[in-house]
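The structure's right below; bear with me while I get my questions together.
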Amino acid sequence: MTVEVLLWCVAALLVTGVAAVVLARRRSATVLVYGATLPASVIALAVAGAALLAPALLEGAPLILPLGLPWLGAHFRLDALAAFFLVVVNLGAAAASLYGLGYGRHEEAPARVLPFFPAFLAGMNLVVLADDAFTFLFAWEFMSLSSWALVMAHHRRAGNAAAGYIYLLMASFGTLALILAFGLLSGPVGGYAFAEIRSAAPSAWMSAAILALALLGAGSKAGIVPLHVWLPLAHPAAPSHVSALMSGVMTKVAVYGFVRVAFDLLGTPLWWWGAAVALIGGITAVMGVLHALMEHDLKRLLAYHTVENIGIIFIGLGLALAFEANEMPAAAALALTAALFHVFNHSLFKSLLFFGAGAVLTATGERDMERLGGLIHRMPKTAFFFLVGSAAISALPPFNGFVSEWLTFQAILLSPALPQWLLKFLVPAVGALLALSAALAAACFVKAFGVTFLGRPRSAVARDAVETDRFSLASMALLATLCLLAGILPGYFIDALAPVTQGLAGAHLPEQRQLDWLTIVPVAQSRSSYNGLLVFLFIAASAGLGAAAIHRWASSALRRSPAWDCGFPDPNPATQYTAGSFSQPIRRVFGTVVFRAREEVHMPPPGDLRPAVLHVRLRDVLWDAFYAPLAGFVDYVAGILNQVQFLTIRAYLTLVFSALVLLLVVLAAWQ
Amino acid sequence: MAIAVDLGVQFLQMMLVLALAPLLTGYVRRVKAHLVRRQGPPLLQPYRDLLRLLRKEVVLAESASWLFRVAPYLVFAATWVAAALVPTFATGLLFSYAADVIAIVALLGSARFMLALAGLDVGTSFGGIGASREMMIASLAEPAMLMVVFTLSLMAGSTQLSFIAASMQAPEVGLRVSLALALVALIMVAIAENGRIPVDNPATHLELTMVHEAMILEYSGRHLAVIELASYVKLLLYVSVIGCVFFPWGLAPSGEGAIAYLGGIAVYLLKLAAGGFALAVFETAIAKMRVFRYSDFLGAALMLGLLATLLLFVSRVT
Amino acid sequence: MIDAGAFAVASILAVPVAGAALLAALPDDRTAAWLNVLASLLTFAAALVLLVARPQPGPFLIVDDLNVVFILLSTFVGLSTSVFSRSYIGHELETGRLTPAYLRFYHAMYQMLMFGMNLALLSNNLGLMWVAVELATLTTVLMVGIYRTEAALEAAWKYFILGSVGIALALFGTILVYLAARAVVGEGLDAMAWSVLVQKAAGCDPALLNLAFLFLLLGYGTKVGLVPLHAWLPDAHAEGPTPISAVLSGLLLNVALFAILRFKSVMSANPDALAPGPLMVSLGLVSVVFASFMLYRRQDIKRLFAYSSIEHMGIITFAFGMGGPLANFAGLLHMTLHSLTKSAIFFCVGHIAQAKGTQQIQEIRGLTVSHPVLGWGLVLGVVAIAGLPPLGLFMTEFLIVTTTFARQPVLAVILGLSLLVALGALLLRLNGLAFGEPQGRSEPSRASFIPVGAHFAIVLAAGVWLPPALVAWFQYVARLLS
Amino acid sequence: MERLALDVAHLCAGGLVLVSFMLLYQDRMSGLIKTFALHALVVSFSVAWQAYIQQAPHLYITAAIALGVKALVIPIALHRMVVRLGIHRSIEPVVSIGQTMLGGIGLVALSVMVMLPVTAQAGTLAREDLAFALSVILLGLLMMISRRNAVSQVIGFMSIENGLILAATGAKGMPLVVEISVAFSILVALIVIGVFLFRIRERFETVDVHLLHEHRGERP
């Protein structure tokens, strides 16, 4: 029943996409399309949410449609895991559709966006619903393809075509890896249904290979280092609400793929998988945030932060694998809850932030922070919501980002119970990486918010910006509220995750709902507890009371005057700190290693009127290490082989002749 | 009834923290002055400063936004709440379950976040310098702090300061290499976070060297007062954390009557005095370092913290 | 009351011949184009009859489960190509690339080509099949050279020489088969009839069969365009008229591959003959790897897709070489869908080349802006040929790679990676062709989009849903082959 | 009688291989053409002989075609063209004649080796004749790739065809032999016409195929 409803929603989305092809030229197309996707995703969200809260609605047996592989059919099934990710997907989808109602009006090429947006949503829903290998991969690649089309929407802008190219290539690489993984899982006879795959028990080395392939496949879509290169190119290239979906939701679908394979289909893991995954996660987190710190393009900065958060999620997943391998279900449940809760949270605040970036983009036409500033005066609401998002993604209490990272830390602190020494030593190190990335993220968002919204406008467009439309604001408000709610009432969300972890790890966190004062206690009261509500009320109360008291009894006089600035203020906005100068200390500390950062100052001689220039050169070490050689190799081989195009007929005949003789010799030898 | 008492004790602690914070700062200043053979300001000078600032009008830069005016109160609130959650004279207070030590670190992070934003808000170069350097310091100090937290909570099997303190009192803890390392790391972090010498000089107004001062350069009047108070509270917080974790004696368990609490307060005052004196001595003994040496200093703290965590396992098996 | 099946077979062969004769005589090119369409339509209709009624296999002609698929396919593509060629040829006349005389010749040859291919598919006799394939080759040679440009003549000559050598090798293979069969079947026609051979293969002399397979593989493999016998293919595609490129890629390659399949089934019916699998797998894999790298340096848009045809023929040969019901099924399906897709792509490319007045990739930019339908058609085609969903080739490539990986991991990885390399090249070119600022001269093209639309519709439908009847049929054939 | 018949057939086959070697050995165009005429002559004789011993009269047609077209018409035509083009001296081998001959011997050995496992049941004279036919084909290919000159390539191809006809007629009772041989002769004729075509169009001074490659697509 529930599955049918969800599939009807998907069908509605697909129909909308097809209709959009016809309608696209009309003025009203934008409203029609987003007006259609909004209810569809809201219904899907409602159904999935209901199924998550009331497990009675989940269905054990898959629904089989006579599509896809003929003798197999397309299997669809809704279990707790799928329900949770459907909530994530459709929440993002609903928000994006709401945002699109307003944002879409500024779209310069609606005909290239409207048809693919619903298709993209449908693809993501199908990936999560699929219950056999073929349908899964079909939907997976369909999702990539439709998002590629959206990335190519503004194909005339420099670099977007290249971004789309790298994106689709990496996506297909991921799909290939997954195809191979499922090839191993389903065996030569082709038992593609997930039920059959579960029943089959692959050997140790085989399952290790499968996990590696799944990590490659899902990881390349989720953007784990070093497979992340496409992400900061492709996500910003798309229209902002699509960027929000790609960053906030599609990467989560990739995480779903990994979870599905590693926890559900693959049976009991080996402990060192956990070590590997967690370590990769930690490295990904730090690399992502460091890249983000060096970025001055607002949307690319956000995209790099997606890489960071994916790293955090994979840390949780790795821990869960390690705990599960050592038969510690409770701990595994904790780690898994942390990871999944972070999935949810990140989908919230990343969408929120991209919406904010989109609003800035429409208001100013600028993505380069160095040309923004002072927007808090012109777009106060957007600024406020963006601030909430920044605080949430920087894992600051009382917002939701902190709760999931706190849970991750709690899971890390359970590591001493692990028997393997490697894990004992590795996990705290990973914890250090996590802490480092959290702190750097805070720095990064001080920069992002401060340079974009605070200070004085650095360009005319920033000075004349106007507040964005009400649909965009509504959708941002929705997400901001959710960020706060998930931060101060985490108990309810954690309880909602219980059936998921129960299904995957065989255990779930203790019931949080009826604990007094809505405290969350992952393991035991004596071990750790956190109460977002109280913290929030404390801060609100003490800040409010303090302010009230001071205004009441002390002075409340206020006078506006020019900034003091140690006595020599300069009206020129260029004297402010820029994004580059803000991140300079951190670049000095980390950049020399990670980016081979080189700074050179061209100081003109005294009396020369030319301004002094500071050049900063950063290099993407990973690109130089992995991708450039690969491209070089392909080009080299192509060059070598290409000579065959220019031989004489006689030479071609020689080829034929030698092939014949060779085969004859083989035959003679074989007999 | 019991709730009421607990509430009362909790409230008492919060007020105590608030009341003692300026005193501690004043005490440190005075000791420092004495150490360099100066008269030094009277002990209660910080209170006077605060009151004077509170009475003055606020001079607000034209380019300042609403955030600039809200930030001080939020910074103060976050810091105060964090401080209220640290066991000072008694463990297991009512709200100590609301947040563990990780949350406390994060709350300080929130305060820093707001402060750095405020530094950028007016759009002056000095505010930028302050914010950027502060975040750079924090980006190393916070992980170091968390490593220390790891060490302690792995040892105590809990991230609740009350429980950590309690388990530290247990006899089997004894002296540990990792504890020593953690203590050193924590002290280094505390120095950095409170902007003390050698990382930052609270007394300086030489623009290019200041960090914390640069961020709050544009503040005046009540805003400045609130921010100053917040920084006093922060210093007090770190001293109390060190006190209650590494010198956990004399902490009154919850629900022990007034006498025990009074005893706890007395011991707590002693700890503060000792900590303040040590800080003053340290600050007079050492010179401030260049800005770009910070990373080495804090990196060392981070490594110490990590080392402490890892050594923990070694010392466990031995 | 005559047997409907026999009548259908007769008309499948007779209509093209009659059409050729008529078209050779008919001076007016407009009506000629229509007549061409009509003849193809009749052939297709006759082929449809075979679905319901089949004649008894005779010594020369046969209709069995295997070739019905291909007959339907080739007559259908022949029909749509003739529709396309109507709108294509008109433009060629205007620009004066073709004179009416040559045009008459072109139409006659077109029908002769259809005749040759249908005969090859229908023939039950090795010798007859050989003659038919040779006929088809000769006609295509003449049509490749029809523009009389130096490049076209050179391509035709190359095709001619290499093709003839291939034919010679195939003939020798045919003779060997006869010799092998004669011992068991006895002299006469039966010894060359597929239907008999398959049953009696077990008794044949394995050594002779091996040798024969070797020669047939190389001989017909030249027509299939397997590396290293492929040299004629890219130039023939690039220099000839686009409808012929479409037919070449869509049909002639299939016909040659069909011949190899026929003989593979004979081979695998003999226990102690050498297994045909490894040979086909290695040839196919070499073709895939080679072609996917060759895609990178292409400057001529038609040559680009010609190389992609080599790649896909390699994939199909690989799949049949791997054998097994799944792989064979995938191979058959891939064959069908590839002909549809590739011919549709060539339809688009033909119109594009006419609209832009060039085949040079560098001179074509931003088609989705300047010619939305053609541009998006090309995008769809490349997406399909690259094996991305929701189009059908994704399913077949999925099946081939997964089934192979479970049996021969290394081969599957090589195959998958070279598919990726090919995808990279195709997308790289597509970026330039379809996106970015349009440039160069661009006149509105009076293209007929029916053929393109029809083909893509089928491929898309196949990607999502295959009719059970077709599936059962393919599965049955797949079991025949393994 | 039976014995003798086989021996004669065998002798023809062997002789054909010999003539193929002579073709390889030629270093002058005119000599080459003459030798090819001999090649065709031997083939037509062996076909006729097969027709006689198999009592297969239709084979006489094949023999006649071989004799008429390949032993007379084509050589004469080629000769005249060569003379007119004044290339009757040059043979333009790629590798030296000697090495070519060595390769040829290797090929003969190979074809014999390949044929060895064929059991005798395949037919009384199948094995040896097939070995010879195969060697003729391979030698023809070798000739095609070891000569630069179009005429000699054509001749190489035609010698391949002769080998095929030898094999086809050797296969007793093979149907469609005549049709096939006719079809093949058409092919050959077309090739020759093609060669003529290129000359008549006066695009190339000589019929050296090499020149064609100036016009290959995508010259970098």
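Per-chain numbering from 1; labels A, B, C and D assigned in written order.
Here is the rule we use: a residue touches a chain if its C-beta (ideal position, glycine included) is under 8 Å from a C-beta of that chain, and two chains touch if they have at least 3 such contacts.
For clarity, every value in this text was computed on a predicted model and none was experimentally measured.
Student: By the touch criterion stated at the start, how many steps lie between subunit C and subunit D on the shortest route?
Tutor: Minimum number of steps from subunit C to subunit D: 1.
Student: Centre to centre, using CA atoms, which chain is the farthest one from subunit A?
Tutor: With centres defined by C-alpha atoms, farthest from subunit A sits D.
Student: Counting C-beta pairs in contact, which two chains come out on top?
Tutor: Max contact pairs: A-B.
Student: Please find which chain has its CA centre nearest to the centre of all protein CA atoms in view.
Tutor: Checking distances from each chain centre to the full centroid gives A.
Student: Averaging only over C-alpha atoms, locate the centres of subunit B and subunit D and give their separation in whole Å.
Tutor: The computed centroid separation for subunit B versus subunit D comes out at 100 Å.
Student: Centre to centre, by mean C-alpha position, how many angstrom separate subunit A and subunit B?
Tutor: 35
Student: Measure off the straight-line distance from the CA centroid of subunit A to the CA centroid of subunit C, and report it in whole Å.
Tutor: Here subunit A and subunit C have centroids separated by 44 Å.
Student: Could you tell me the distance, in whole angstrom, between the mean C-alpha positions of subunit B and subunit C?
Tutor: 78
Student: Could you list which residues of subunit A touch at least two other chains?
Tutor: Residues 645, 649, 653, 656, 660, 664, 667, 671 of subunit A touch two or more partner chains.
Student: Quick one: which residues in subunit D touch 2 or more of the other chains?
Tutor: As it turns out, subunit D has residues touching two or more other chains at 114, 117, 141, 144, 153, 209, 212-213, 216, 218.
Student: Residues touching two or more other chains, restricted to subunit C: which are they?
Tutor: Only 157-158, 161, 165, 169, 207, 211, 234, 297 qualify.
Student: By the document's touch rule, what are all the touching chain pairs in this structure?
Tutor: Once each pair is checked, the touching ones are A-B, A-C, A-D, C-D.
Student: Please give the residue numbers of subunit D that touch subunit A in the complex, ascending.
Tutor: 94, 107, 110-111, 113-114, 116-117, 138, 141-142, 144-145, 148, 153, 209-210, 212-213, 216, 218-220
Student: With touch defined as at the start, can you tell me which subunit C residues reach subunit A in the complex?
Tutor: 157-158, 161-162, 165-166, 169, 207, 210-211, 214, 217-218, 222, 228-229, 231-232, 234, 274, 279, 290, 293-294, 296-297, 324, 326, 366, 368-369, 383, 386, 388-390, 394-395, 398-399, 401-407, 412-413, 416-417, 419-421, 423-424, 427-428, 431, 435-437, 464-466, 468, 471, 475
Student: Which subunit D residues qualify as touching subunit C in the complex?
Tutor: Residue positions touching the partner: 114-115, 117-119, 121-123, 126, 130, 133-134, 137, 141, 144, 153, 157, 160-161, 163-164, 167-168, 171-176, 179-180, 183-184, 187, 190-191, 194, 198, 203, 209, 212-218.
Student: If you look only at subunit A, which of its residues touch subunit C in the complex?
Tutor: 66-71, 133-134, 137-139, 141-142, 145, 152, 155-156, 161-162, 164-165, 168-169, 172-173, 176, 179-180, 182-184, 186-190, 192, 634-635, 637-639, 641-642, 644-645, 647, 649, 652-653, 655-656, 658-660, 663-664, 667, 670-671
Student: If we count contacts the way the header does, which residues on subunit B are in touch with subunit A in the complex?
Tutor: 54-67, 73-74, 76-78, 80-81, 84, 95, 97-100, 102-103, 106-107, 109-110, 112-113, 116-117, 120-129, 131-133, 135-136, 138-143, 146-147, 150, 153-154, 157-160, 163, 207, 217-218, 221-222, 225-226, 291-292, 295, 302, 305-306, 309-310, 312-313, 316
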